[in-house]
Amino acid sequence: MELPTGATDIFFYIFSTLGVLFALGVVLNKNPIASAFSLVVVFFCVAANYALMHAHFIAAIQILVYAGAIMVLFVFVIMLLNADIKNLDLGKSKLFQGGSAVLCAALLAMFVWAAKNGTTAVTKGELSSEKIESLGGNVQVLSMIMFSDYVLPFELTSILLLVGIVGSVALAKRKLEQKQ
Amino acid sequence: MTTTTSLVFAMCLFFIGLFGVLARRNILIIMMSIELMLNAANVAFVAFAKDLQDAGGQLAVFFIITVAAAEAAVGLGLLIALFRNLKSVSTEDIQLLKE
Amino acid sequence: MDQLIKPQNLTLSREQLAMMMPYLILAVGAMATLLVGVMKSVRSNLVVAGLSLITVAAAILSVVSVWGEPSMTLFNGMLAADAYSNLFNVLLLGTTGLVLLSSYSYLEKEGIHYAEYYSLGLFSCLGMMLLASSLDLVVLFIALETMSIGVYVLVGFRRADVRSNEAALKYFVLGSAASAIMLFGIALMYGATGTMNIHQIITLVTSAAGIENTLFLLGTTLVIAGFLFKVATVPFHMWMPDVYEGAPTSVTNFMTTALKAAAFASFMRVFMSLGFAQGLTSKLNMGIHDVLWVIAVATMFLGNVIALTQQNIKRMLAYSSIAHSGYIIVGFLAGGRSEYGFTSVVVYLIAYVVMNLGAFAIVSLLGERGDRNTDVQDYAGLGFKNPALGFAMAVFMFSMAGIPPTLGFAGKYLIFSSAVQAGEITLAVLAVLCSAISAYYYLRVIVYMYMKEPMRERKVEYAYSTSLVILAATIATLQFGIFPSALIEAAKKAATL
Amino acid sequence: MELFTNHIVSLVVFGPALLALGLLFLPDKTPQQKHIVKSAALGISLLVFFISCFLYAWFDASQPGFQFVENRGWIEAFGISYSLGVDGISLVLILLTTFLTPIALLGSWNAIEEKLKTYLFLILVLETGMLGAFVALDIILFYVFWEAMLIPMYLLIGVWGGKDRIYASMKFFVYTLVGSLLMLVAIFYLMSMHKMQLGNYSAALLDLYRVKVPFDGLWSAQTLLFLAFALAFAIKVPLFPLHTWLPDAHVQAPTAGSVILAGVLLKLGGYGFIRFAFPLFPQAMQFVAPVFMCLGVVAIVYGAWVAMVQPDIKKLVAYSSVSHMGFVILGLFSLNSLAVSGSVYQMLNHGISTGGLFLIVGMLYERRHTREIEEFGGITRIMPIFAVIFMIVTLSSIALPGTNGFVGEFLILMGAYQTNKVLAVVAGTGVIFGAVYMLWMFQRVMFGPVKNNENKHLKDLSLREICVMAPIIAAIFIMGIFPNIFLSKMDASIKAFLSQVKV
Amino acid sequence: MLGLILAFPLIGFLINGIFGSKLSAKTAGIIASSAIFGSFVLTAASFIQLSGLDESSRAIEQTLFQWITVDTFSLPFLLRFDPLTAIMCSVVTGVGFLIHVYSIGYMSHDRTPPKFFAYLNLFSFAMLALVLGGNLPILFLGWEGVGLCSYLLIGYWYEDNEKASAGKKAFVVNRIGDLGFLIGIFTLYGMFGTLDFAQLKQGVAASAGNLDIGLLTLATACLFVGAMGKSAQIPLYVWLPDAMAGPTPVSALIHAATMVTAGVYMIVRLNFIFVLTPDTMMLVSGIGALTALFAATIAITQRDIKKVLAYSTVSQLGYMFVAVGVGAFAAGVFHLVTHAFFKALLFLGSGSVIHGMHEEQDIMKMGGLRKYMPKTFATFAIGTLAIAGFPLLSGFFSKDEILYSAFSSHMGLAGPALWAVCTVTALLTAFYMTRLTCVTFFGEPRFNPKTLGSNPGHAHASHAHDDHDHGHGRGHDDDHGHGHAKPGVHESPNVMVIPLIVLAVLSIIGGFIGLPGHSWLAHWLGPVVGEHSGEHGSMAYLIMAISVVVSFVGMGVGYFFYVKRPEVPKKVQQNFGFVHKVLFNKYYIDELYNFTIVQPLKKVAQVCWMYFDVLVVDGTVLAVARLSKFAGEVSRLMQTGAIQVYAVFILIGLLATVGYLLYGTIH
């Protein structure tokens, strides 16, 4: 399924704008639940953009893992702690907030300037979208590479996940040692 | 949709996330902001992968999502541990260690 | 379809396997430790600890068995197997082993003796080793996260203690943010160069003028910033004292020594890939040089002057550790423009690791349940009450202050002499002045140990495991301080990538 | 025997520290055990002195170069070697060190009761450090000894010192460290120049002598390097205005510490100038020589003035050190054989006479637990033997002909006068002020009526104390009357030194 | 043999010094006296040996050992016995021996006579080294050595703070002179490359025409500064009057006969250099004359018997300098010798008086003593006559020689001026010496002869310094150990009187070694100082006559004032109150020095210490330390504990870094 270039652009801008707006929603919302749901929207927008960039596999993972797993985790924790969540305001002084906003904006401006002035690498790879199609599609290609070239990071992520599991279990185990 | 515009989108997400880390007191929201930042990097990876006609970027995103998941799990675990002791998730309440 | 799969990725030579062995052993050992730990039938932590130490020992042996082999890359060029890796693998494994060894009694004392501690330690160590050896930025990131996540948990390991929670969360929040920043940098570097492989970046940097690209520059800056966060240089250092203070002492030890060494090892690989191994060849290099110059000076200065005001030893050592990062950055700056530039970093790192390992082992030995008894005042009279312990601590303090004939001096010698050779005279002078400031607070420990009367009677319980670690560190500090040749040779071989 | 003759320098240097290690395993709880430990330490130091006498005997005075050279690799990567050697100048300083250490030990025989063996151990380690610095022919080896020496001295002051010992020890350590660290940078610079010019790393002194460091006025490399070296040495000497650590360190240090500090440690500054700063940077040295001569002269006069108004005997002696060591600097920078010989000789004299004075102050302190001059008066009547000894040492300190002090100051002033008349004359006033403060102090302590009742029943010197002072007194006269015993050994080396530094 | 001359006193010193505590007073005295007598005998032998030598090579040299060798600088421990040394040695050992003997009596009741004799022997050793030294450093060795002994002996009764201070003052003032001496030595070394007398002489001769006279003048002037210190000339004379705090034999030996003349000796020794520098010579004679007059005026008003003699000594030394200053070296030596005789005599006499008066030194509390101590009186009177220039006594000849030399010197008007000053001084000398003798020995006793000395408190009451009973050992022990400490004035024992008599004889006949025109002494010293060329013309007799007149006038006035009309001096004193006060207080020179030099110096030193050392240097050091710590204290405040603040710092760092690097790409 190939969208015409113009349409791609339009979708991209729509999703991007939405994404940015909801991202702002994440950081500006007083209620964590609202933030969490804004985040879900952001994830969807990003996933849509992935899809627009022909990264279908990633788009799917984005929705599955992020929107599905991570967000559930977040919401779960929010619920768990819900009873006692106070201080839902933005916190810190206005000056501090304003200052950080200015800092972020300034850095963003620099980044954007750098992005505009910079160029991506001149020598491109051979995996053009046509080639990918000819090789059996995005998922096929990615899996090929992942289990050959990228076997180390793949294995490593498994260990990472194990660490995450062990870690969170170790931290959240019910039985607490005596308070000191 | 050019690489640059995608990049700008990514950067916007990135700095919104960063702002969240700076400005919010609620650690949960700070964690979400961090997720935003990671997403921003992912967007950049995918955009570059497309531009460069390379699969490496997309694969990186795959791994990063995994990392994000593990990180979120541990982070939330830490948060719960803290909450048990402190009954708070505000950064203002974790200023015992200083100077 | 087959064209995507490179044939060399489908074979595994005996040599490659041998090179992979340390990682495999460690991964398997860590998992085994985990399993044994959760087994109901295993009552004693001794078994878990023993298993973890055996794992480490086996891994060290496997590194030693490939010591001196010609360098190669593994996993499609993603992992280096060279003298540098070997050296750091031994260092990291050794450090981890000793830290775990010294943790045993500490965990008992604190009542947090869980099997997870050991497996997390081993997993983190695996992350560190991969970090030090990774040639691919994605692998690097994942390794970094593996290491970090393990350590986040370890920092918060004293779950019932708010301070431990706080430290862990601070570390987690800032660490994740820094990781994200670094990741974004990796993305930009990837975009600018089309590769995430360090070797290919080196080729690019040295061959083309493409590195004047702002995208590359921005990416580089962010990656470096990420590293600077991990190694805690000004102004990315502020998490460190809090985390060091709040973390269980044995974990602080682990962070000070192994984690920092791994972060620096990786940083140096990346740094060299930016062309610094060849000297200051480009505008980018020059710019980064200036930035690092300022950072180095600020780090040395701030770390030292704030340490002057500290009462808590852990916190003081944290600031001192910040200052040490500053010295190491000086070594970075001397880098490619002097014969022993990067060698000096390696030697300094080893020195740094050894002396901090010992110092923190002593702190953990002397600490009382709940991490009390860690103020300088609590060390009053130690020198004559427990002469051996006092002597060891004195050796570490003098070593950190860079007084010969200790390993610390050898490290400083290499760093400063390289800086001078590289023409960084001002930097060297500032560095030695900061070093003189640092003498003051290191000596304060000695003052308390030897020149003040103890405030209260206290019997130190010598745990064999911790004492062994202290002994080893003391011997190493003096042995390599007086005869550093072997160390320098090894480091030189390692630093010639 | 072969081992002995080939490694005699190493033996002398490391003998004290290695043997002292054994002390740590002896018990020191009961008085008897303490006595054994002390005797053992004394025995070690005497043995070392005995061995060092072989150095004197076997030293060929007609050879200007280094003798008893030992050379083996140490850190090959940087051309750093373990190379030791002795020339006429270091020979006499070695003898001074080995001579003073047993005296210092014996002098504080009963003064230290607590943590005794550590104390003795540190003194012997300190001896090793000092001796090592005197014989090192490798600049890094020298630096190692130079710095390592700080530790025992620091501890000696800090642990066994007086009321403000911590402040004093800290001041001593940090002051000295700042200077030596800058020197370290200079050493690195020099070594990198060697690498550039001659292609290999070397820290060997004889190699570094060949490095040509560009010289062109004040801001040139050579001058800056010289100043970096000079700073380290000037602090150690100590040269005005970097002397303020000295009074504090001296006053707070235990007697043996003061003796060694004044007797030997300060000499390392002068020795450093001779062995390192001068020959390495001759042009720069001549360029700044007038400034240093002036500083030396200021130190002489200033030290004497300030000594005059000190209420504390030990502080007075400390400031007198500043004054005396000013002569050394003046002499060295005068750059002629008379003045330089005088300077080296003055270093020996100062070691003997000021060491003696500190011992004497220590004896008073042990009896009265005060060093305030006001507390004393009329002691001569009560302690006649002490009075005689004190008088002789005082006379040595004010350079009366016939005592050792005269030979040094006479040669220095005569040499300096040939170089710069005005400065020599001003320096000469130091001789007058020297007499003023020493005799005034002597008068207030020893003469006059016994006003303080506590002083009425002081015991005169014990046999041990006489044994402590006897060698000092003997040295004062022997060195005053037969200075050629030492001058002849130094002569060739100093000639060589002068031809080396005069470009 | 020369070495032995030195060795005897040294051995005596060592014996008395080391075994002193075990020796009795008498034994110690005998040991010391025999030691110096041994030297005397050897000196005499050497003298004879010397006179047997040819005039051109009349010197005996002996190198004992090599003292200092550095590079080309070689300094042997060289002794040289030439005619000048012979004279000096004879005086030192001869007069010295007499004084040693005298001391046996004088010090018999002291607490530690062996110590005293040890010091005396040490002094003799040093003084002999001074005169025997064959080069300047040896001379300097003796020079400082005698200074040391002077210090030790002035402060002999150290328990009295003033006496100890006097010793210190002597040493320090001498040190000032010594510095000058040293500089002179250095300059000479710089010019000639040697310090040996013989070689110097050769050097001067060899480079006669091309010498830098300016430099040479500097050298001689500096040497003269040394002489000023040692020989108590203006402005460095202040120590000598104070030095009277020492035991009287010491005053006689050191501060009259021998040590103080060392300056004169030194100039005579180096006459071949001094003559090349007329400016210095002028200075020498000028200072000498000024000192002579100045000291004489002070002597008129003093009440302390020893102080009068002290100022008299200063004055007479001035004479000697006038002599050497005008080139009459032999005359200088001549006066030196005769002065040694009569001044030693006077001092010993005064010692006898003091001894007899139980430590009383104020002449106003004496009077009529000739009845009580006739032998002392007789000898003292001879001394007075000799110094006053009574014809045919020793002082007459030597003083006259000087007056004549001054008058006839080739210095234009300066010569007569010098002569005039000296003549006035001679008048004053005759006057105050007569005053001293008359007040002491004539008239009625102004004390109670019965009770004097019975009460130690009384004996000390007159002492200005302190009055508690252990002021010094001597008075203290007198109460208990004085075997014949019967109250009342008494003549001294024979052991003291015999030296007086010998010296009196010498004072009378001593002048005959230098009869005007046929001076044996001048001839004898010829090889050293060059033959005295001037024939005594008619002028000589006129001058002689004037001095005789002057001498008689002085003595007459003195006798008139203090014997015939004792009320006159009081009137004069009242009429010239101010002058008297100034003179009595010695022109307030001590006070002047105190205010202009000593006090400011202490102030400056205090300021140096408290302000420069403590405030500036230590202040800077501490400020740096505090600043570091302060920086730490401030910086740690950034560490607020709030994560977000940390994050902001990270962000700022990032901003700065990125900003800087991106900025770099534009430029």
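The letters A, B, C, D and E name the chains in turn, as written, and every chain counts its residues from 1.
The rule is short, and it goes like this: a residue touches a chain if its C-beta (ideal position, glycine included) is under 8 Å from a C-beta of that chain, and two chains touch if they have at least 3 such contacts.
All figures in this text were calculated on a predicted structure; none of them were measured in a lab.
Counting hops only between chains that touch, chain C reaches chain D in a minimum of 1. Nearest to the common centre of all protein CA atoms is the CA centroid of chain D.
Distance between Cα centroids is largest for the pairing of chain B with E. With centres defined by CA atoms alone, the chain at the far end from chain D is A. Summarising the inter-chain contacts, the pair of chains with the most C-beta pairs in contact is A-B. Here the CA centre of chain A is 30 Å from the CA centre of chain C.
Chain C and chain E have CA centres that are 78 Å apart. We define each chain's centre as the mean of its Cα atoms; on that basis chain A and chain D are separated by 70 Å.
A separation of 7 Å divides the Cα centre of chain A from that of chain B.
Counting partner chains per residue, chain D shows two or more touched chains at residues 174. Within chain E, residues 625, 636, 639, 641, 643-644, 647-648, 651-652, 654, 658, 662, 665 each touch two or more of the remaining chains. Counting partner chains per residue, chain C has residues 138, 142, 145, 149, 152-153, 156, 159-161, 169-170, 173, 177, 181, 188, 191, 194-195, 214, 217-218, 241-242, 440 touching two or more of them.
Inter-chain contacts occur between A-B, A-C, A-E, B-C, B-E, C-D, C-E, D-E.
Contact residues of chain E toward chain D in the complex are 21, 65-73, 137, 140-141, 143-145, 148, 151, 155, 158-161, 164-165, 168, 171-172, 175-176, 178-179, 182-183, 185-187, 189-190, 468, 470-471, 601-602, 604-606, 608-609, 612-613, 616-618, 621, 625. Contact residues of chain C toward chain A in the complex are 1, 4-6, 9-10, 27, 31, 34, 74-76, 78-79, 111-112, 114, 116, 119-120, 123-124, 126-127, 130, 136, 138-139, 142-143, 145-146, 149-150, 152-153, 156-161, 188, 191-195, 210, 213-218, 369-370. Residues 636-637, 639-644, 647-648, 651 of chain E touch chain B in their complex. By the touch criterion stated above, chain E contacts chain C in their complex at residues 625, 628-629, 631-633, 635-636, 638-639, 641, 643, 645-647, 649-650, 652-654, 657-658, 660-662, 664-665. Every residue of chain B that touches chain E in the complex is listed here, in rising order: 18, 21-23, 25, 91-92, 94-99.
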